[in-house]
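Presented sequentially are two complexes of subunit A, the first with subunit B as partner and the second with subunit C.
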Partner chain A sequence: MRTHRWLVPTLYIVFLMLPIYWLLNMSFKTTNEILGTFSLWPLEFTLDNYRKIFTDPTWYNGYLNSITYVVMNTVISVSVALPAAYAFSRYRFLGDKHLFFWLLTNRMAPPAVFALPFFQLYSAIGLFDTHMAVALAHCLFNIPLAVWILEGFMSAVPKELDETAYLDGYSFSRFFVKIFIPTIAAGIGVAAFFCFMYSWVELLLAKTLTSVAAKPIAATMTRTASTAGYELGLLAAAGTLTIVPGAFVIYFVRNYIAKGFALGRV
Partner chain B sequence: MAKISLEKVKHSYLAQPTAPEDYALKQIDAEWQDGGAYALLGPSGCGKTTLLNIISGLLVPSQGRVLFNDADVTQVPTTDRHIAQVFQFPVVYDTMTVFDNLAFPLRNRGIAEAKVQKRVQEIAGMLDLESSLRRRASGLTMDGKQKISLGRGLVRDDVNVIMFDEPLTVIDPHLKWRLRSKLKELHKRLGLTMIYVTHDQTEALTFADQVVVMYDGTVVQVGTPVELFEHPNHTFVGHFIGSPGMNILPCEVENGTVRCAGHAVQTASSGRPGSDAEKTEIGVRPEFVRFDDHGFPVEIIKVDDLGRYRIVEVRYEDQRVKMIVEEDLSIPSESARISFDPAATRIYADGWVVN
Partner chain C sequence: MTKTTNHKAWYFVVPVVVLVAFNALIPLMTVVNYSVQETFGDNVFFWEGVKWFEDVLNSDRFHAAFLRQLAFTGMILAIEVPLGIGVALSMPRKGPWVSVCLVLMALPLLIPWNVVGAMWNIFALPDIGLLGRGINALGIDYNFTQQPVSAWMTTVLMDVWHWTSLVVLLAYAGLCSIPDAYYQAAKIDGASAWSVFWRIQLPKLKRVLTIAILLRFMDSFMIYTEPFVLTGGGPGNTTTFLSIDLVKIALGQFDLGPAAAMSLIYFFIVLLVCWIFYTLMMRNEEQ
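Let's turn to the complex of A and B:
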């Protein structure tokens, strides 16, 4: 039995990595090879797919658009959530418990529910097909999430820290920026990570609220049936590249996330 | 430095307090003289922290005024009150080094860097923190962190008052004793006003010139340790201070005569409780109970030998009385008669002394 202990984890990892490996594998093949032969690694190794993405504006603009609204959304969500979470963690006010709960229920509705009202609203005020449109729409889901995560981290900081800072001569705003925010940096990292990930993978609202100027990469990918049929190699390369930012962000916040789990939030 | 007065201060944590129970502080009139070493003594939940937070401005009292040198500061924010406060649990700025933690209150007041260096070194030396000055504060033990909190409280020499809210709870007993004597020494040297909250009477009595005893949201007595011992104003003070605490025995008062279980008792109180008193008691410390052939009969139930003296516990009806007996006196075996020293026996009506 002992000798087979590695078996289960290995199978598990293979199972998880297989699709990703396959994507990577395909991205280095030509479309013909993908359609023509079955091989575990590229027979005709090519970087053409990637070259195309990095040189063709219709492709790389998709990435730029996605990253733009995702970053905007993350910044807005976290900066709005910080004061809100502080209020929930430090003050008791009428109905605070209920409000906290209702904030979270927003997340229970599928984004599709909000697609039509947002489309209507943004068209009316001229926000349609802007990065801001998608960023704001995603805030509807991300602000409550960020408030909830940050509230957990903030409540773990004793209120005596605030009080000591006032005693030591700091005003509230200086305390908040210079002491409190660094203290809960881990929480901010975790909140930002979840906002980033949600906004990065959310497709429905992002597609509905944009047409050309702010079209996200995922939308570009679903419209690649060219005259030559589906360009599978190109799609695989694009897919691989969409994993990169996520992996990058995870790498930076992995320790914070562990802390977040330890605190029981996340 | 300043004289601090509280005038008719009441505080409730509720938005709309109605009953007296809604108030964490019932009504406080107190005065803290400039340069005094005060201990604030009382059981858990009696409002000690609330009182400190009102003095430091972290809380604005529901009613009443706070005065520094007779100037009303009730609405002045904490930052402008120039107060140092050390809490029960360590508070450190995790992102800073130990040095920066200690220097923080000074730098915020625009003190010249040369003086900051000097003060921080001095305080760090006093608290044995020199070796860790360059380290990040977050890596220290509880003890170490609490020393930083203390140091940050002590580093300014221009504060109106330094308040310690049970600062040594998390510190091990040996270090506790040393830190307490350091604080006392510092008080002597700098002449700062200090208020020290504790619910440990030895800590209070060794630290303070004046002890303020709080009970259930009120200040029941302010006095020197000797005054509290000899003239407790309230049964709580008698019971809380002294070891063992004062004996408090129910009594009846008829036509001016005080009787305990039917036996007349002489007291030092010349007044008598009003007829509206719900509860009348006598209070007498164990030090002033003695064996007396003309006293009233009791049964001896327990003897504790503490070396120089013994604590004897006796019983009449269902009342227990403790008495301290010198080691050279003999103790009768089962039954005995005891009496109370009239000069040290007082009547208490509903808890408050009758003089």
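Let's turn to the complex of A and C:
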């Protein structure tokens, strides 16, 4: 049994790669070929779909918009979650358990419930169709998640670390920045990864809160699908390109994630 | 860890509370506001009390969507959790293949949800998709845009494809945290692979598995974008889950009152299940 152990992950990965391969395959075909013939690889290999995306501002701006609000959201979520997670992991205070559960409940709120009120709220404060609106709206589920993850990592750090630093004459802020943050760097990596991921993949709120100036790439795709007929090759190319930032992020944080896993808390 | 009591810790939590409350409480109050009133436009509202709640709770449409939702969540949990544990158990513990596995497996998690739907759409279409062609070539009549059974199979398979990796990653993390000494002790005792799994690995996985099940329950219960792009809730209403139905009522028919009442009931159900889970989890940890 031991010798065939690699078989299970291999089969699983093949299963994961098949639809992605199919998307990639489509993205190199012309629309005519997609609709006319069935082939496992592109017969008339073309880069036209990608060329169109990189030269048409309505397309590439979608990518820039998405990346802008995702990065903004990740920075906001992690930086406000850090002190909060520290408080939850180190201190007992009035209403701490209720507060923690209340935070988690927002991770459970179905975005569909909030779509319309969010539109009204962000229109009312004049942030509609800005990157900030989406970045703030995604805080609803990303902050609770970041607090949850960071709290786990921080609880794994013994409290003696704090106490020794104070005895050595560190002030709280110096201790936090110089000692504590480097100690839980892996945790910050994991939290940032999850914030990036959930903000990047969410569409319902991002679409509701934007119209032109901050429209995410994924929404550009759906609108093109309905207006410009059925340009499957172009859609496939746009879809393929949405996988790229995620792949980069996973590649860069893979060691952090492995380290985070070693601590046994995710 | 023993925690010290310090009420000043509240200062650390204030930014989080302000940001989340801004995003959660104001929209929630808007929903509550709509749920008890009737409007004919022009910002004129009439008090309706609990009428919408009664309507929603008594409507066949809500019951049907709720049952579909339960069936879907039950199915994907029953597939993804055992499959995820199985894959995690057979993954290598060290060596260069670890990062290859992790990177490739995490890939589906980082694809925007509507792209997941669109990707499975072209993958499963009976005329141009690899999956659709393949199944039909086996002599099985398959067309997810017309047959309810095929639509369900495709939606479940898509979710398994999309989310099993999360269970794998969490279970793998749990497995990595088991000290080698446990395995050595089991080896000395001559324990079989099965009893190592049952007596050592599974109990140690309990915590991460609770998190995995909780996350999968919440996310699958709120699923909207992927099935919406894949099947649009059809054929007919057969894959119209709660969120899809809610958006149809709220933004399609613009019935704000019933939609708001349904939102609150929906939110309450998710909350209740998660609260039960959370309490059990905390009780386990205290033991």
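As a convention for this text, the second predicted complex is superposed on the first by the 243 of 266 C-alpha atoms of A that agree within 3 Å, B and C clash if a C-alpha of one lies under 4 Å from a C-alpha of the other, contacts with A are read in each partner's own complex, and residues count from 1 in each chain.
Here, contacts are C-beta pairs under 8 Å (C-beta built on N, C-alpha and C of every residue); 3 or more make two chains touch, one makes a residue touch a chain.
Small disclaimer: the values here were computed from a predicted structure and weren't measured.
S.K.: Of subunit B and subunit C, which one touches more residues of subunit A?
M.R.: The larger set of subunit A residues in touch belongs to C.
S.K.: With both complexes superposed on chain A, which partner does A:Thr58 reach: first (subunit B), second (subunit C), both or neither?
M.R.: Touch status of A:Thr58: no partner.
S.K.: Between subunit B (first) and subunit C (second), which does A:Asn32 come into contact with in this model arrangement: first, second, both, or neither?
M.R.: After superposing on A, A:Asn32 lies clear of both subunit B and subunit C.
S.K.: In the overlay, answer first, second, both or neither for which of subunit B and subunit C A:Ile179 touches.
M.R.: A:Ile179 contacts subunit B only, not subunit C.
S.K.: Just to be sure I read the superposition right, which of the two partners does A:Ser123 touch: subunit B = first, subunit C = second, or both, or neither?
M.R.: In the superposition, A:Ser123 touches no partner, neither subunit B nor subunit C.
S.K.: Tell me the contact category for A:Leu232 with respect to subunit B and subunit C: first, second, both or neither.
M.R.: Once the two structures are laid over each other on A, A:Leu232 reaches subunit C alone.
S.K.: Just which bits of subunit A does subunit B share with subunit C as contact spots?
M.R.: On subunit A, the overlap between the subunit B and subunit C contacts is residues 158.
S.K.: Touching residues of subunit B toward subunit A in the complex: what are they?
M.R.: Residues in contact with subunit A: 53, 56-58, 77-79, 83-85, 87, 89, 91, 93-95, 104-105, 108-109, 149, 152.
S.K.: In their shared complex, at which residues does subunit A touch subunit B?
M.R.: Going through subunit A, the ones touching subunit B are 158, 160-161, 163-171, 179, 182-183.
S.K.: Inside the complex, what are the residues of subunit C that reach subunit A?
M.R.: By the definition above, subunit C touches subunit A via 1-10, 12-13, 15-17, 19-20, 22-24, 26-28, 30-31, 83, 86-87, 90-92, 97-99, 101-115, 118-120, 122-123, 127-131, 133, 161, 164-165, 168-170, 172-174, 176-177, 193, 208, 211, 218, 221-222, 224-225, 229, 242-243, 246-247, 250-251, 256, 259, 263, 266-267, 270-271, 274-275, 278.
S.K.: Show which residues of subunit A lie in contact with subunit C when the two form their complex.
M.R.: Residue list for subunit A touching subunit C: 1, 5-9, 12-13, 15-20, 22-23, 26, 34-35, 38, 40, 76, 80-81, 83-84, 86-94, 96, 99, 101, 103-118, 120-121, 136-137, 139-140, 143-144, 147, 155, 158-159, 197, 200-204, 217-218, 221-222, 225, 232, 235-236, 239, 242-243, 245-247, 249-251, 254-255, 257-258, 260-266.
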